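Take a look at the following structure, please.
Lettered A, B, C and D in written order, each chain numbered from 1.
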Amino acid sequence: MSTVLESLNAGLHGAMEANESVYILGEDVLDPYGGAFKVTRGLSTAYPDRVITTPVSEAGFVGVATGLALSGLRPVVEIMFGDFVTLITDQVINGLSKYGWMYGGALEIPLVIRTPMGGRRGYGPTHSQTLEKLFLGVPGLRVLAPSAFTDPGGLLRAAIDDPGPVLFVENKLQYQRRLDDPAFSALESRLQVQEGYATAATVGVAGAPRPQLTIAAYGDMAERAAEAQLKMAYELEIFSELVVLEQLDPLGPSGDLPRALADSLRQTGCLLTVEEGTHTHGWGAEVVARAVETSAQKLGIARVAAFDSPVPASRVLEASVLPDVDVIVGAAQKLVAALDG
Amino acid sequence: MSTVLESLNAGLHGAMEANESVYILGEDVLDPYGGAFKVTRGLSTAYPDRVITTPVSEAGFVGVATGLALSGLRPVVEIMFGDFVTLITDQVINGLSKYGWMYGGALEIPLVIRTPMGGRRGYGPTHSQTLEKLFLGVPGLRVLAPSAFTDPGGLLRAAIDDPGPVLFVENKLQYQRRLDDPAFSALESRLQVQEGYATAATVGVAGAPRPQLTIAAYGDMAERAAEAQLKMAYELEIFSELVVLEQLDPLGPSGDLPRALADSLRQTGCLLTVEEGTHTHGWGAEVVARAVETSAQKLGIARVAAFDSPVPASRVLEASVLPDVDVIVGAAQKLVAALDG
Amino acid sequence: MSDAAARYRAMLRIRRFEETILDKFPTGVFHGTTHTYIGQEANAVGILDHIREGDSVFSNHRCHGHFLAYGGDMRGLFAELMGKATGICGGRGGSQHIHWRRFYSNGVLGSAIPVATGMGLAGRLRGDDDIVVVFMGDGAMGEGVIYEALNMAALWRAPVLYVVENNRIAQTTPIALAMAGTIPGRFEGFGVPALAIASSDVDEISLAASKAIAEVRDGGTPQALVIDTNRFAPHSKGDDTRSQEAIEALWATSCPIEIHASRLDPNQREELAAEVAEEVSQAFAAALADPEPDVEVGAA
Amino acid sequence: MSDAAARYRAMLRIRRFEETILDKFPTGVFHGTTHTYIGQEANAVGILDHIREGDSVFSNHRCHGHFLAYGGDMRGLFAELMGKATGICGGRGGSQHIHWRRFYSNGVLGSAIPVATGMGLAGRLRGDDDIVVVFMGDGAMGEGVIYEALNMAALWRAPVLYVVENNRIAQTTPIALAMAGTIPGRFEGFGVPALAIASSDVDEISLAASKAIAEVRDGGTPQALVIDTNRFAPHSKGDDTRSQEAIEALWATSCPIEIHASRLDPNQREELAAEVAEEVSQAFAAALADPEPDVEVGAA
């Protein structure tokens, strides 16, 4: 079980085995294809009656899954590309996230919507976006992102057990990340509960001096941030603590930062948020706002994100728009220099 | 021309008179009804061939309007309740905001989508939301909100002249606001260009001492903030500057704050953002992030917004969730006290 | 009580409830909005006669009649519209978003149709023979998600009865300006058989519904029932753009209560009327006296 | 050139272009994805024969064939797929998002259908007789927004020809698992007349299209043309789950180029083949030599 993909796939197999109420719905999820990114591979062979391939009707089958969930089943829906969450916005915002609350609070909607976000594959403007920010701050919805630093399949299983709805944000390039990547063997990480069942991992270079900088990240950008962390430590003597959050929203109870992040920030006084989505109104904006609202000291602050542009198809254009390791390193350098100077 | 509603209506009449390419599309926009909130009243009588009442097909008619715009017409679309922008998300994010850019950059999409947001009328969880935050940070889209402190109809006409797509966010209770509200006669306001053709109004109590606090707001909450500003000045001797922004996004060029806001903040060092949408990942998060990123000093920071909850129907519950004048005053008081203390 | 009397009473309860809403709205006891079912009572009563304990019902903005015919509590609905703590959803939902047992409604047109379809499918997956009845208007049929749902319902044999209450108007828009093609043709294009009837007679509707529901239940397949019906009252309150005569013509020919009345003797009608009037006024008074919700609940 | 030769050449250009894409993809010259039109060439060629200067075309993910038949520049399309500065959209769009003159495509299934409908409507509002042709697959017909658009097209008489290229598969999903009802029935339910033909013969398709387009243009009303067709290649690249035999059977009976070939004499075919091969290889080489885009453009 060495990649994020394998871990997620195993999580689905485990969940289906453990609970007969778990159903899979999505486009092209049947074997031998097993889904566009193979996360559902093997499931339809093992559980032919509980894997339902759907028409190309994202809003419709998310609605159908909501009906299943209201009826006590535990559907797990796949949206083939994260870009198509735009089609399910009404079902999510005016539907499944509200039904529990607005009908008086007693109903459960145990529904997971999984989808891969992200670019760097040249798929162009409608197949490369990182759009989870649309669903951050939707009351009644939990937004999770697995990480190779924690347990992707375990998080997915916990999401399936959640009595409420979850948007589970994967990333296309993340699928091939190794859980025990030897490139990260110099890093050590401390896990703690973030909120509910989500985990926060605090990652640092083993034996490094006290960190000057806190990096907050999730999903595939957390791995890139870790690469940047290593590079900074070895090449620039900039030492950082990377806080990887599995839960993007809610971040923490009532306006608070996740504790792992608050703890780190108290030490470093300096925050760099990292995400693949576009800069403006991204995840980082809320993290930054909470950080400054809850900090007594003046913090060093910067955000790394994609340019405020659609994602172009061309390799060079795409690379110029999406943040990579060097962009993280550059932003960190600038931030640390500004504080020193 | 004394209310926001009348000003918007006059703006539409003026635009249709000035330019034969302007078309109106929306549900129930024909006279004698003239639209659910009457913003389109009289238009179908004056221009029967250019006002098209639509089926209940929000995504569909926004798409149709995009086709009209791509063909050189200037459609103005009404979404009856702002809550239903969830249905047009794909057309906006993967369609009309991208077509100009992704097809090489030469196409124009002169399209305005108008819609009333907001609660306080007991309409319940699917007819009371303030959802523009969904569309903040969408590359290629301009998001505007009229204000009684500026010129609602003028802004709408400028939006109709814009070669690119605009989401024009109105508010149900704002419609009845007077442009020359005598309740605000003690306030004086300076106008300056915010970005493009949008205006920023810097509002203060005439003759008051130097402000201690900058309030950033838009739309109907700007009027509530002005009420709070007066109350604070007269009852609490807290003096503030209210910066009313017509353009919610982009806020300013490449990561900057709007100049009116930056200027005020440089004086006060203290920022309160005010909006009616839910707190987490609201408009205020980006404003706060930019403020701290661009300020040399440590700022006092707080955000006023709705609780992170759906909007309940019951009057008392609704009032407990949505921010009103007293909530603004309370937050300002706390913020100023924290800085003094 | 005879069937005829029970139906009369059921329709009258809806009628009087809705009249009370319209009557009292101006006094400010209700907060928000309302969409009354006046003129369409025979649909809910005729159809929901045939559902059973495990069946579910999904309704729309015009839900009060469906709710009362389902067996929902009148005081709880009044209280919900007043935003009281005792409202069926504790005041959170209001007029358009109600829930009780297996009854649900949502105010976003069309968006409940796939959800209802999923509820139907759940029954089939579990192997029971529970069904779902979902109500929609002619106007809602503009929403694309409905057709996504119909396709899946037919593909996956979801036992759902799709009821279209075709009053030929949506808010102020006559059907001719909003609908091309035909309603049954739309269902059939997606493989869902549709039966259309034009009637405000509760017995006729009940007969059609009984057949359709039996087929849905036994065949485990979706069906549509399209009923030509009439909205007598404004869309919400005071927003009717139709002429007075046009509305009076509807009343004259197609009031479901009038149509059904001849099946009862006058004494019984009077008795029932008095009983219902009493029930409605008591429910109203009780709801009015109920407490406001605890604010912590909303803010949480 | 005779009509027959022109059609042969047009289909061959598409075929060779797409083969080149599949052939060269593994070398890394293209970035991103591709969906080839191999097997369906007769549709684009037979239909777009009949459009005029002011007409518009909206296409989908499988757009290369439509683009070339529209008259689009081959080198510019190669360059777009390579992400070059000279690509028709400067490398921004890539394979699925292309535009040139009045030709557009989008990669989100279904979402272009209302946009194309609006383009058609614009012509009618301006009073000209330009029309719009929009292509979609059977799989895309799961998307609800299509039905919203059809309703408006019929209501407002938008001169749009809706072409469904029904290859009975969507990515890996056979039509039986994804579509209930019938394709023509779906159009007709929304008041849009539909003509269905099962053919890979470019002449037959051209004849049907000529009639349909004339009706759309003269009547100023929408129509649908549903063509049973066949996808010979994988959905994208290397992702075909169909059996080798099944695919071979399609080739054997329904290759549009084979079907049409008998109308040309062998010499002419060879000449055309050589000419097309030369054009494609020159276009490819030229695109390959073209410069990468200026990075500032993307980042701006």
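Basically, a contact is a pair of C-beta atoms (placed from the backbone, for glycine too) under 8 Å apart; a residue touches a chain by one contact, two chains touch by 3 or more.
Predicted, not measured: the structure shown is a model, and the values here were computed from it.
Graph distance from chain C to chain D, where chains that touch are one step apart, equals 1.
The chains that touch both chain A and chain C are B, D. Comparing each option in A-D, B-C or B-D with A-C by residue number, the pair that reproduces over half of the contacts is B-D. One simple way to say how far apart two chains are is to compare their mean CA positions; for chain A and chain D this gives 36 Å. Between the CA-based centres of chain A and chain B the separation comes to 30 Å, rounded to the whole angstrom. With centres defined as mean CA coordinates, chain D is found 42 Å away from chain B.
Within chain B, residues 54-55, 57, 59-60, 83-84, 86-87, 90, 94, 98, 101-102, 124-126, 309-310, 312 each touch two or more of the remaining chains. Within chain C, contacts with two or more other chains are made by residues 90, 92-93, 97, 106, 108, 142-145, 148, 151, 155, 177-179, 297.
Because contacts link each chain to all the remaining chains, their graph is best described as complete.
Of all the residues in chain B, the ones that touch chain C in their complex are 27-28, 30, 32-33, 36, 53-57, 59-60, 83-84, 86-87, 121-127, 307, 309-310, 312-318, 320-321.
Those residues of chain D that touch chain B in the shared complex are 56, 88-90, 92-93, 97-99, 104, 106, 108, 111-123, 125-126, 144-145, 148-149, 151-152, 155-156, 297.
Of all the residues in chain A, the ones that touch chain B in their complex are 83-84, 86-87, 89-90, 92-94, 98, 101-102, 124-126, 131, 133-134, 136-137, 139-140, 249-251, 255, 278-286, 288-289, 292-293, 297-299, 301-303, 308-310, 312.
Chain A contributes residues 23, 49, 52, 54-55, 57, 59-73, 90-91, 94-95, 98-99, 101-105, 107 to its touches with chain C in the complex.
The touching residues of chain C, counted against chain D in their complex, run 142-148, 150-151, 153-155, 177-182, 185-192.
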